[in-house]
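Paired with subunit B in one complex and with subunit C in the other, subunit A is shared by the two complexes that follow.
The block that comes next holds the complex of A and B.
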């Protein structure tokens, strides 16, 4: 494992894959329209976006199953636009896993080795090694792959990908069909496997949670473009716009306009309201103030926070370790989320004050 | 009460069961019984002899040659059809795009016309002063080579007639190969031939085997091609059975031939079906 250690130690962020202004057109439809992206050697990059945002097309171009209509893809500086999948040091783990149903677990894992004409004894040794690495019992070597459970199939698909020994592993939502609990386990295993192997992982998902748990960096895609790219923390705390903010969890939104007399002014709530915004807002006179529920607090006085509004408790939702309250401020519903340890026994229709500090909000163009 | 109770499954199945017993099993039993009756007699159920079967295997007799012809022609026809239909089936799945349904219709269309009529059409095509010969003569390149009334044209007729029965099961079989698996195999470094041999062919095999089974069963029973195009240059086993039951009035011999044919086809069918997962083919799983 010396290679993985050195990869972690000398984390020189060299790009292994570079995309420059890449387009993919299907007839008149731009599935991917103008993506420039550096994928760093050894990083775990997750691409998230709603369905139809072009993320799978992007991945298939990296794998070599689609050629870009325009732009360049380079691998360690070499142009690979038209290099077919089988000649690329990349390996795609399909959403369907694409296991060969007529082959055993062992034959599945050995397939890339068979292609390379490696003798059977060596193939078997490597397959058993990989089974161990993925925590599958050796007896699974001769098992019918279709008789494996969902999680086991997942591991077989990973073992097969590792048998190919690619520099870059590409994942197309491979966990989407699994139940929640197993998904949580495999997310962490996948991240451990990334650390252990030192390989570059590019992972596609529409699940924010998966992206948050595993990624070094997250790229958010929308309508064929990358809207924002950064660490999970950056994207969560400083989303580029409303779309990214909403994609990464629940938000409270207030539309505000600049008024000469009162400053930033919102008419969303029952009584008109002057809001204090984060100081760095340079934008236009119309804007949207976005506050995540966990930055909302119950206030005891009108001056406890930068912004305080009053309303009535409508409902409460238990989220396990946290509790969410829906507070109605006129026609506006505001979500307040606090740890269970700070839970208040709010009676329905109780009059409350809620507030937040300006620095905890972010502002987007209206 | 309890003694009279019949399970509802049996009750609902009984009409079909009675129909099958009367319409299918009874004639079959009669044919089997006839095959053990004294030669050239109608002493069914009253005599027992193996003479009819030994007559079939008697090499001084010519009956066995019809078996050889039928089985040989069926085997060659099936292999030829597999080779011819594979590229078309592949095209229907992957290459023809929006023309695929048009091509399918073109292959189905001849089935709406009686087989005999189509075979007589081919006779008109190949006969002396027919379409081919006439055109070549008028161009001064005639006369056309004589192709009618030979084993070769019989084989041609069979390949022509049974093409749809190979093509459509095979197309279904190829469509059952998920594109993801082919892409994955190529992504893992597999070359075109490797992916075909390791992934596409084994996964399409159920459809291919059903196609081969259908065509070989039909081809073993072929008679019209040999009669009309082949001009009786080849006597197939079904033709022999027909002769035995009609002109020759030797029902026991005809029955023995029929029983042997049923055994051969039944054995073949069971052998192939035991290798197939019909539920998967029919999409039930």
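The block that comes next holds the complex of A and C.
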């Protein structure tokens, strides 16, 4: 985690927003409990977490819509705990988008400019520029915003946020209501826009996929705290614990205890298999070994991989470009995911051997 | 078979609708006819039609004063009740505060209170305070009953209003007044307008409250009643018809304004 953070920091050394031990209490409930976080200037930071993990509250504190109950938030070194949203160089794109329904596309985009008393001609010129930047036709300027499609509304909301010209753009799951295909397109556009504008993006979502596609760094939140923060690769490959691992996709878990023979361990409860240990064993006697389905392979011999176990094919799920097999090994169910090009025509109840290399597994303390 | 049943059903629906309309409008039409009769007394069927009583009504100084009183009261009531109700509706539909539920219920209560009793109570209260009843006190009396109604009408609009829009506007740098002018008012405007229509018509047609609280000043409904009790002339149905027609015209105009704004917005 620390190595990846310093790698990003080398590119953009200045934190634009700093949170130090920030708490937010609602009555007796800690929505955010003790978050310290540096948001770097120009980065795309995604905060992921299950609903109720406090990510929206965190975002609202950054926007100035909630004040922290405890701790400090600084912007470029200046304390902004009680600076209202109106006076912050941040702009929040709401989940509902919050477009003004009685205004046209153009009037929506021009709103922050109208606030600043910029003359109409200049406003219009800027709005047209933004329409172009967000790949909306110029004719949309006079269009009723409620007559736009979901994706178009998304772009209008982005254009409005850009018209405000904030240093930090905050996103509260704006893509969650869109269909899969459009979401994929907009994810990429958003990432392009981030690069093009050089602004800092803080994005919250509960979708792992969105986070992986777009972010420079991902922060995983649970119960008001940040569990892990790092690049998508780090978090995917080296999750801090079972929660993070499971949040980032399906996993095979083996709960194990250390064997006397160094370098090996055995599965304790379910099938008492003897498995080879990954090198980053935490030192405790009890732990969970986690292997992602895509690191599992079908084996032809018992020595093809560090670990090979046998079982029977129970079910087959097609995931489009990949296929997942559910293999029963004793009373344990293991998922194997392979590219479609390597698909095997496994008959139900067929005896198979599956395996993985110790280096592809990771260990979480039990 | 089926389509025949459908045709029959449609026939009965039409008959029923026609019957309801007839039931509602027959008395109105009859009184309109009474105002068009040449004779001084109301005899049915009307033997000879004439516009004489309409002319006399329009020309009557007394009627002019009445209409002026009624209009003044109705316009004042409309203005005051819309202002009070708008903020009241915002208060209970938008914000969560302790006692909100109670406020909502207390607000509704006057609507169900018999107006005649309310009028009498207000009169006694004014007596106790030493205030001489006039059209001004009638305004106060009308407000007691109309403000809750208008609050409910506007609240319906406020409930469908997304408060996040204001939050977004603040985030984009806008101040309170700017937001009120640019976001809140335009979005709640249809509700305010229907509230105003309600307020005007309820005040214009109100009799029981005016009877007790307008004192020596007379309003259109009050005059109609007093003339029916004693001193009937066909000016009564004539003025009644005019009053109904102008209220209808007022409603149509109000509806047209809303339709116009909607169309402009949807363009």
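Observations on the structure shown:
As a convention for this text, the second predicted complex is superposed on the first by the 342 of 366 C-alpha atoms of A that agree within 3 Å, B and C clash if a C-alpha of one lies under 4 Å from a C-alpha of the other, contacts with A are read in each partner's own complex, and residues count from 1 in each chain.
The rule we apply is simple: a contact is a pair of C-beta atoms (placed from the backbone, for glycine too) under 8 Å apart; a residue touches a chain by one contact, two chains touch by 3 or more.
Just so it is clear, the model here is predicted, and its values are computed rather than measured.
In the model built by aligning both structures on subunit A, subunit B clashes with subunit C.
Shared-chain residue A:144: touches subunit C; no touch with subunit B. In the superposition on chain A, contact of A:91 is made with both subunit B and subunit C.
When both complexes are overlaid on chain A, the residue A:348 reaches neither subunit B nor subunit C. Where the contact sets of subunit A with subunit B and with subunit C meet, they give residues 63-65, 84-86, 90-92, 94, 96, 98, 100-102, 111-112, 114-116, 160, 164. Partner subunit A is touched in their complex by these residues of subunit B: 178, 180-181, 183-191, 194, 198-199, 202-203. Interface residues of subunit C, counted against subunit A in their complex, comprise 162, 164-165, 167-175, 178, 182-183, 186-187, 265-267. Against subunit C, the residues of subunit A that register as touching in their complex are 63-65, 84-87, 90-92, 94, 96, 98, 100-102, 111-112, 114-116, 144, 147, 160, 164.
Looking at the complex, you find that subunit A touches subunit B at residues 63-65, 84-86, 90-92, 94, 96, 98, 100-102, 111-112, 114-116, 160, 164.
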